Amino acid sequence: MATTRVAIVNVTGYIGVDIARILLRHPEVELTCVTGRSQAGKTLSEVFPHLTSSDLVIQPELDASVDVVFSAMPHKASAEVCEPFVSQGLKVIDISADFRLKDLAEYEYWYGVEHPCSQLLEDAVYGLPELHREAIAGARLVANPGCYPTGAILALAPAMASGMVTGDIIVDSKSGVSGAGRSLTMTTHYAECNESVSAYAVGGHRHMPEIRQECGLLNPDLGEVVFQPHLIPMTRGILSTCYARLSEDWLARGEAAARDVFAVYRDFYMEAPFSAVVDAPPATKHVWGSNYCHVYARVDVRSGRLLVISAIDNLVRGGAGEAVQNMNLMCGFPETCGLEALPVYP
Amino acid sequence: MATTRVAIVNVTGYIGVDIARILLRHPEVELTCVTGRSQAGKTLSEVFPHLTSSDLVIQPELDASVDVVFSAMPHKASAEVCEPFVSQGLKVIDISADFRLKDLAEYEYWYGVEHPCSQLLEDAVYGLPELHREAIAGARLVANPGCYPTGAILALAPAMASGMVTGDIIVDSKSGVSGAGRSLTMTTHYAECNESVSAYAVGGHRHMPEIRQECGLLNPDLGEVVFQPHLIPMTRGILSTCYARLSEDWLARGEAAARDVFAVYRDFYMEAPFSAVVDAPPATKHVWGSNYCHVYARVDVRSGRLLVISAIDNLVRGGAGEAVQNMNLMCGFPETCGLEALPVYP
Amino acid sequence: MATTRVAIVNVTGYIGVDIARILLRHPEVELTCVTGRSQAGKTLSEVFPHLTSSDLVIQPELDASVDVVFSAMPHKASAEVCEPFVSQGLKVIDISADFRLKDLAEYEYWYGVEHPCSQLLEDAVYGLPELHREAIAGARLVANPGCYPTGAILALAPAMASGMVTGDIIVDSKSGVSGAGRSLTMTTHYAECNESVSAYAVGGHRHMPEIRQECGLLNPDLGEVVFQPHLIPMTRGILSTCYARLSEDWLARGEAAARDVFAVYRDFYMEAPFSAVVDAPPATKHVWGSNYCHVYARVDVRSGRLLVISAIDNLVRGGAGEAVQNMNLMCGFPETCGLEALPVYP
Amino acid sequence: MATTRVAIVNVTGYIGVDIARILLRHPEVELTCVTGRSQAGKTLSEVFPHLTSSDLVIQPELDASVDVVFSAMPHKASAEVCEPFVSQGLKVIDISADFRLKDLAEYEYWYGVEHPCSQLLEDAVYGLPELHREAIAGARLVANPGCYPTGAILALAPAMASGMVTGDIIVDSKSGVSGAGRSLTMTTHYAECNESVSAYAVGGHRHMPEIRQECGLLNPDLGEVVFQPHLIPMTRGILSTCYARLSEDWLARGEAAARDVFAVYRDFYMEAPFSAVVDAPPATKHVWGSNYCHVYARVDVRSGRLLVISAIDNLVRGGAGEAVQNMNLMCGFPETCGLEALPVYP
């Protein structure tokens, strides 16, 4: 069988280059083209010394014939880049937010731009394999989830689907600095963010509607989602702590709820190769460098609340690894292909 | 006027030694005795090389005649140590949790020990100057607040006192590792906690009842307090993100609430030398090494919630600095004496 | 062909568990037994949550029939453990220092113990593949190099072998904290070593004679080796900066030396799959989580010196990965088998 | 006595703002003007939230009548700014490199610019109080030392002055990231430098001639200075490890040299309030946030070398604190005035 040829558009950001890292060792595909305007003409290893073994030259534009395209362009530009590829029948995985929100008005409100090709929204599949595995397998365009939504939705999905909770949801997330990208900002200047924790986007963050959309699909009675992200002095990882009120049914179970919640979560992720329900609070270190998500759920009888905590590596499970997992599903490869590496600890 | 003589019992923990650092430069007192069994016989500078200038010898027991005692002993042992000093008429500031909770049953439930001298509970004053300045000034025994409660209560007090919020409170706190103390544990082993975030004490943390007690004094209608601490890879600092539902009155104000909340907070802390109401989300770096608390409050109209975020240095404002501030009040010194140092940035 | 069965003795240290991480994904072997007294009876995933997928139970002693044994015991105990395995004809890779130094007196001087089975010293092969590939392939006992010596020797070997330098060598190394192991110490307590750099073992470090031995084999005229390690606030990585005086021959080349040195280094490592000669100063981040060593050499004409800088991941190239590379050579597997993962950046 | 009025030109860099932090609490001076073009019109507390208490407005240009000026402008621009102030008889402390090197050709070689007012070089005093206290006290223009030279010269001065060493000197320095300044660069982007160590300026660094100049004044027989800086993942601090060959005299002392070296160092710094000769290897944490320098010297008999290690806070002792110390000397204030704060540990 011919090897599948793959391209990465805009390889020079952190998710783009992490896709390259994974694909360079993926047994079923060949990375045949990477693009990036500012570094065009240089080899991958010149720009990214950790990829010493690669002499692939960064191109200004995609110029090769490929089967699959990952776009790691910024939003709006990404939709514009993806549209012709989709039309040509390539399989496209869009890392940007352009095809995640089904509600066009929501997209335009939160991103402040007009959508360049909203006609593709209907066909696009939200690329969270635990929720949409079959649709992804049949998709021609997959919207790779945001990093925060990946962690938050994986934390909440079993509770949503089972009617365990009711009312509003509070998601308090803590992200490593790589989530802010590779562009230089005062916020990500080492001496500014090292040894410091802060909240940001206190008025509202673009990832909130994504969490609400997917949780709402699982439970139409969902109330408001309050999502508050924080910047943490570490490179990789997102820990999301979710607070929700137990439903009447679950409150009535009393102490048994504590045991039942574990079973609900375990069953929900029984078939998911990268979602592990753990029985102690997870640390982002437990998933570092891997595509795993660790989820821990606990009932607090006193306050009548469910607490769920999830840990992911924001660049792998919340980005490059999830994108490759989606490619695997779209191409009929084993779902875990190229993603088997265990987390690097400590 | 004779200089006030001060002792620190158990100087070898992080809060103990930070009290020493401050007192060695305090113009109104003389640090005349420090104790610590494991290091007795050595000088402060041998055990703590940052105190190069001090040749004070660590004693096995307090053996000098002093006016003020700081006890940095563990709980239960601390109460036992403090009792005779209080009886002798010394001014005592207890860093442990022994005299913080007014409800003896609560204390015994959360700390799992019998209180060795509960007769002192009534006289002990909870040492948060913003709430109890006058009582502290007249106290013979001050219970220095826990680090988390300091940040959480300072975040919530104006909202509590003004009836701005109703129902349950969720406090999601992020602490640097020094909060876990100087004793060796796997949790605080560098390679285990560096580049990682995790929640701990998910079933309930001893600092919760302290937050509930003080918030409840300000607002008897307070619901449950859900308090969830997290360990963050940095040395110093606590950021507390607090979520509460706005009361009917405040919901009715609509957009005006956003402006009013700032005024309520600013007025509440008008006279507090170390509590600053800021107009952008604070970072723990903004208060590093200082006794300041930065508080930021924001109304989220969509979800009908108040978010308040506070930042402190857990060892200064959440420990040694607050203890010295209490001493200043008890001794009639200027409240800020010895604590004027500005935060060290970056 | 039957799968090769492998055991790890003392899996609970950082190198032991990193060998497990690699072997659990190694296509040619089956990890059939792991031992560790303090955690015996628990599964790997209970003790090490990043290995969620492994339900291998930690044994008190090696009790299975295996083909290859890795010993990650402390020195002296390791030799005692390895001896019977070697006698039984198993292939043994010893992570400890017990079989690294050919000179028994040196060993006993630096480690302060009597060697329990010095009769094996002659047969043991120093497991640095770049220098001893063929001997390793034929060995029954391989002494896995220390982490510092791996970086230092790889930096110096081409210069030594080519007669480029003369006289004493100064090696100034900077190591992440994981190099100090998983046992709790004040030195590796987070709040003590974070945001701080310090030198240690200023009077002499046990890895010096190892560097001297291997460099001396390449160049018998070697002078003294001054080796000074430092502790750096990061989890993984060693950067070694080496200073040596250019030989007369090389001084005479003048400016041409700058170009020639690169060629000498590149040629020396032409066949080495994991040693990359780079043309800009390396960072430990460039090799994070991988078995690569990056080496950069530069002539300083003004001072007549050669500077060589090498970067490794101390737990992989300086430990677990190198050990697996040695196993691959001993077992006739492809040298890079199981070690193909690219460095994780950023 | 009238309070001394002080200005800081270009307050918006890390050293500029750290001078502000110190001066805002200095009992003898009033900070009356701060300038900074990009942030002109804002208050100090708007730009630097840690200075909550200051409503000083940043000016585009120095417009007030002052007695002392600190210039934290970049080199060349700084000399141009300082010249008229010196002419007007103000006391000027220049943080830039413009007046450090006495040899005009050296300056122009290393900084690549023509010196705008070399006529002031003769009068300028190199502001290292331990070496030039009296000259500083009488100076109208002080060149504040570079951060690396401060640590390196303080490490080497006693050895130089006493003839303890001979030949070349190797200085291997490890600096926190704040030393690279507040301007955004890829090198100082959090995810790039966190969890990584690297060498930079391998071909030669501008601070080398400064070290050579001051060491050469103490010992005209000095050989070459090899200076190699490294970037370390921490915010503040420089550790310098210095290697030098012992002179014949000192080699002849044998084991006694170990004891004698301590006495030479201790005596040299007997009168220096901020230089402490310590008897164990220092850590940068021991001086964090303070003006102290800790120096540790050790003889290595085997290799015939002296190792000296110094630790400073690069922004205080290597910048703002040293500048204020120079101001104190120039103005006749107590040398330690405003600088008494002890290091913040942990």
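Going by the order they are written in, the chains are A, B, C and D; count residues from 1 in each one.
Keep this in mind: a contact is a pair of C-beta atoms (placed from the backbone, for glycine too) under 8 Å apart; a residue touches a chain by one contact, two chains touch by 3 or more.
Here the structure is a predicted model, which means the values were calculated and not measured.
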{"item": "Repeated interface matching A-C, over half of the contact pairs identical, chosen among A-B, A-D or B-D", "value": "B-D"}
{"item": "Furthest chain, CA centroid comparison against subunit C", "value": "B"}
{"item": "Pair joined by more contacting C-beta pairs (C-D or B-C)", "value": "C-D"}
{"item": "Subunit B-subunit C separation of Cα centroids, rounded to whole Å", "value": "46"}
{"item": "Euclidean distance of C-alpha centroids - subunit C vs subunit D, Å", "value": "38"}
{"item": "Residues within subunit B bordering two or more other chains", "value": "14, 176, 178, 191, 194-195, 233-236, 282-283, 285-286, 288, 346"}
{"item": "Subunit D residues within the subunit A interface of the complex", "value": "14, 176-178, 182, 184-186, 188-191, 193-195, 233-235"}
{"item": "Footprint of subunit B on subunit A - complex, ascending", "value": "168, 170, 172, 174, 176, 191-192, 194-200, 202-204, 224-226, 228, 230, 232-237, 239, 241, 243, 281-286, 288, 296, 298, 300, 302-305, 307, 309, 311, 346"}
{"item": "Subunit A to subunit C touching residues, read off their complex", "value": "14, 17-18, 21, 24-25, 48-53, 178, 182, 195, 235-236, 276, 278, 280, 282-283, 285-290, 292, 294, 340-346"}
